[in-house]
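Order of writing sets the chain letters: A, B, C and D. Residues in each chain are counted from 1.
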Amino acid sequence: MSGTSEPAATATAVDISHLTKSFGGLTAVDDVTVRVPEGQIHGILGPNGAGKTTVLNMVSGFIVPDSGSIQVFGEDLTGAKPFHVAQRGVARTYQNIRLFAGMTVLETVSAGAYAQRSSTILGALALSPSERRERREVRERAAALVEQVGVRADHDALAETLSYGDQRRVEIARALATDPQVLLLDEPTAGMNDAESDQVGQLLLGLREAGLTLILIEHNMRLVEEFCESVTVMNSGAVLAQGAPTWCLEQDDVKEAYFGKRSDAARVATLRRARRSPGGA
Amino acid sequence: MSTTALLTTLQFAGVNALFALAIYASLWTGVLSLAPVFFGAVSAFTFGYVAGTLGLSPALALVVGLVLGAALGAVTAALIIRLDSHYLAMATIAMVLIGRVLIINLVEYTGGPSGTLVPGELGTWLWLIGSLVVAGYVMSRLSGSRFGLAADAVREDPAVAQTLAISPRRIQFVGFVISGALGGTAGVFQASFLQYIGPDTFYTHLGFVTLAAVVLGGAFHWAGPIVGAIVFTILPELLREPMGEYDRVVTGVALILIIIYMPRGLVDVRRLRLLRTRGRRRTPADEDPSRTGSTPATVEVAP
Amino acid sequence: MLHVSRLCAAHGAVQAVREVDLEVPAGDLVALIGANGAGKTTTLHAIAGLHKPASGSVRVGGRDITGWPCHKVVRSGVAMVAEGRRIAPPLTVHENLELAVYSGRTTKQQQKDGLARVYDLFPRLADRRDQLAASMSGGEQQMLAFGRALMTRPDVLLLDEPSMGLAPSIVDVLFETITTLHESGATILLVEQNAELALAVSDHVYVMQRGRIVSHGDPDEMRSEPEVMTALFG
Amino acid sequence: MQLLAQQLVNGVALGSIYALFAVGFALILAKMGILNVAHGTFATGGALASYWLVFEHGFSFWVALAVGVVFAGALGVLADLVAFEPLRRRNAGVFAPIIASIGVWIVLLTLAEAFAGPSAVSYPAGSVPSEPLRFAGLIVLPAQVISLVALVVVVTAVHLLLTRTRFGAAVRAVAVDTRSATIVGVNSRNVLIAVAFMAAAIAGLAGVLGALSDNNVSATIGEALLLKGFAAVVVGGYGDIRGAALVGVAIGVLEVMSSQYISSGFRDAITFGVLLVVLVLRPQGLFGERQLVRA
């Protein structure tokens, strides 16, 4: 494991240290340490099955790690319940889009504003002025978020009927509605074409400008090189490399993780030839 | 069916609608519970006992039923809300079963197996419609409110709801309290209309008929249970003549068919919205503004 | 042996596989490579009957098996080693292997021989015969998944990312096994993200990008094509 | 002392019937992920079918028992084909099968009531084994012996079937992950139908033996079994049918003892009270480790 030096001036937003998790006999995440400074975009890369989503699931509280710790802005959130983690300002999206069936775009995003609202059931029943104001504000803010992430569809359309790209964007808007400090994105551009991916990239830059810290799992290397300040590359649960994206992607073991080892491949090929010749295939 | 019979049936449809709304209140938060039947039983027998010994004005009796139901809902939720879905459903069915045993054995308070008589002052159209209107108003205000959106989220995907800082347990607790209040109220009405309550008044059959009503009407919008209760109370009455003793077979078959082919019931907001989206794709909205203006799907009442 | 023509498959709104044509001649090892999310696994699932194709056809040895349920596809001679080691965790290694008898493709004797062969191929499985599958390491689970597929005596073997999430030493063992199987005449369709390995072992390579086959040819030709690398990076 | 021993015998015999029923109920819950509240009506179906054969057609009790068991199994398969399989195909979630099973319950109960009429009936005198056996001062009825033997045989057979045979392996594989079983050629549909048949047939056996023990056949015979069987499954856990069976027997003993020594009226309340307490304190049951329900 090697890495370039990180800028030391800013505070650490997310501090994941020595995280380990096994399922049965499988070590899905093996001693992973990631530090992400405030206001940065950090990418987690690696081939399928490397354990990236498991890391994200541990940060957001879905999975309790076997060992290691997770701190967000200095607060220990290891093993905290997901809604606790969310209350501390960590929001996320999902690899397989998870929108709420039957809800419109605006309702979906408004649901994300739960922690921002203070209205009570009695207030809602009594039609109190503050409740009315809050409903209006939530709607307006949700509408603004929908515009911000670039969803062009009707706000009253069912979220599940939108195009794939728009569904991903609605998910981002819903996460943003929780007013997070840290946003975890699981393959935000999966299934998008280049133009759409670029739009998402620009959106992420905008969010960083607004002060958010972002951690994203991403397979689009072009996007990673263009938008991430730093990356962590994982393979079979462990960290292969950490640092600037261009530097990381040049590392041999990273390339090997993606494309395989030339030496291994060569060895297998030799083996094969050797076997074939005596048999006379 | 004669007019009197129809009116009586409609009255029971109204009471069933209250029970159905009570079941809906917890289903809304992703919990299948038959506990409202138990809440209703406790309220009804308390009402019967108190009205019999102390005398009680109708309005006060209603309030007692409501508060008692809500309190029971809170206690129940505190005890069993953390169970997995199957076990939770089982636990609430067990409550209904225990309720009957208690009623039979607490002879001094309930009249035991022979039941007890209850004053019928609340058993009028005015009280019933008034209560239904209030319940409908409460549910319509809650849908689209902070609680309502959170409940939708918890039912559709509790894991995702958690990452929106929503605590599913908390939302489900509130759902149980609302369910208890509605169930308690419904129990008092059931007692007032029947003017007699016994161990079989609040038993599994009531639970299943109301659950069937919710499923038929639709468990995804508050109007669903009301529509379902009306259809499901009147339908067997209409079928009684042609079907004879087999009328309930239709109820059962309907339940199976609905859950397979119309899992979201008659009042299906999602389907309406899908149709609207499809319609809009064919004819753009700006060409046909009346269509978007009059969507029955808009639940939001905020200005 | 395996002919796929104009296969389309969708996940809800996403058209994951578009008009895919590919062919696996008898005795060949054909690789299907591409970036994450290119549609490789969906293609394999559509062949294996785990995902209903929207259109197109899948034929095995001249028989049209398009849209057949998975267990019938297995019966017709196509076995899959699923991504993520889909084995039955509460069963022992031995029970997992014996499940293959339900494919109806083996006689009692063949079943016995098959077990011996699998245990011979993966001695580690023989050691852990009566251990629960859930308690085994990732590599051992992958071996078990391999063994289960072989137990059905398939005409065509579908391999879905056999190297996924595994340590390099295990990957070596698995690919040696794949090579051995190939040498012994097995017909194999290999989906793999690890392109170098796939190129090294295969006779023919298809490259997939965003649901389409963008190029195919000999492994050596493919290695020199610049488009292939961009396709692999997504 | 004599009384206590006699009541213990009665309790174990009663509990055997609860336990039998619970085994079938647990099978459906654990292996198919369905909380099947219609399970009691399968028991009713079995009991009514056997009664009909004995009373109307003069068949021997043993033939009637076998036919009743098969008939109940067929009802279980029918329910699965009509109500549960379409939901499985649609991935309908957790609640839909419960609601569908309520539909099945209503239909079968109504038909049973229409068939049996409102009042309970008994097997004709002499048509069933009823001569009491005396043993060390205790009176043991043949029905009680049959129930206990049936329980031991069924629990042993089902347990061995599940843990020692290939079919059992297939059942366990399908229960935990259908896909992992189908990719080696297991037809999960057939496996589930077989489980549905087995579970309902066992319910039918419990129904017939319950009717024999009480010498009383009615349309609601399954309802009482459902409640007790359900308590046994919850308290015993459904991961291992032996736990459910053991608790089923214990419930029988508890009932007999509590009605003898506490109050006959509160007999059921005590059972359900134990059920609720266990649910609250140990939701996974007394014996089972926590097992996720197949969604």
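Operating definition for what follows: contacts are C-beta pairs under 8 Å (C-beta built on N, C-alpha and C of every residue); 3 or more make two chains touch, one makes a residue touch a chain.
Computed from a predicted model, the values in this text were never measured in an experiment.
K.L.:
What are the chains that chain B and chain D both touch?
P.N.:
Looking at chain D and chain B together, no chain touches each of them.
K.L.:
Look at all chain centres (mean of CA atoms) and spot the one farthest from the centre of chain B.
P.N.:
C
K.L.:
State, to the nearest whole Å, the distance from the C-alpha centre of chain B to the C-alpha centre of chain C.
P.N.:
Using C-alpha averages as centres, the distance is 51 Å.
K.L.:
Using mean CA coordinates as chain centres, what's the chain A-chain C distance in Å?
P.N.:
Each chain's C-alpha centroid was found; their separation is 30 Å.
K.L.:
With chain centres taken as the means of their Cα atoms, state the distance from chain A to chain B in Å.
P.N.:
Measuring from centre to centre gives 41 Å for this pair.
K.L.:
How far is the middle of chain A from the middle of chain D, if each middle is the mean of its Cα atoms, in Å?
P.N.:
Chain centres of chain A and chain D, defined by C-alpha means, are spaced 49 Å apart.
K.L.:
Which positions in chain C are in touch with at least two other chains?
P.N.:
Within chain C, residues 89 contact more than one other chain.
K.L.:
Pull out all the chain pairs that touch, please.
P.N.:
After working through each pair, the chains in contact turn out to be A-B, A-C, B-D, C-D.
K.L.:
Which residues of chain C touch chain A once you look at their complex with the stated criterion?
P.N.:
For this pair, the touching residues of chain C are 13-14, 35-37, 83-84, 89, 134-138, 140-141, 161, 163-168, 171-172, 175-176, 179-180, 182-183, 193-201, 210, 232-234.
K.L.:
Under the touch definition given earlier, write down the residues of chain B that touch chain D in their complex.
P.N.:
27, 32, 79-80, 82-87, 89-91, 93-95, 97-98, 101-102, 104-105, 208, 211-212, 215, 245-246, 248-249, 251-256, 259-260, 263
K.L.:
What does chain C use to touch chain D in their complex?
P.N.:
48, 50, 69-71, 74-75, 79-80, 82, 86-91, 95-96, 98-105, 148-149, 151-152
K.L.:
Using the touch definition up top, name the residues of chain D that touch chain C in the complex.
P.N.:
Residues 166, 169-170, 172-173, 176-177, 179-188.
K.L.:
Spell out the part of chain B that touches chain A in their complex, as residue ranges.
P.N.:
Per the stated touch rule, the residues are 137-138, 141-142, 144-147, 149-150, 152-153, 156-157, 159-168, 174, 220, 264, 269-270, 273-274, 277, 280, 285, 292, 295, 298, 300, 302-303.
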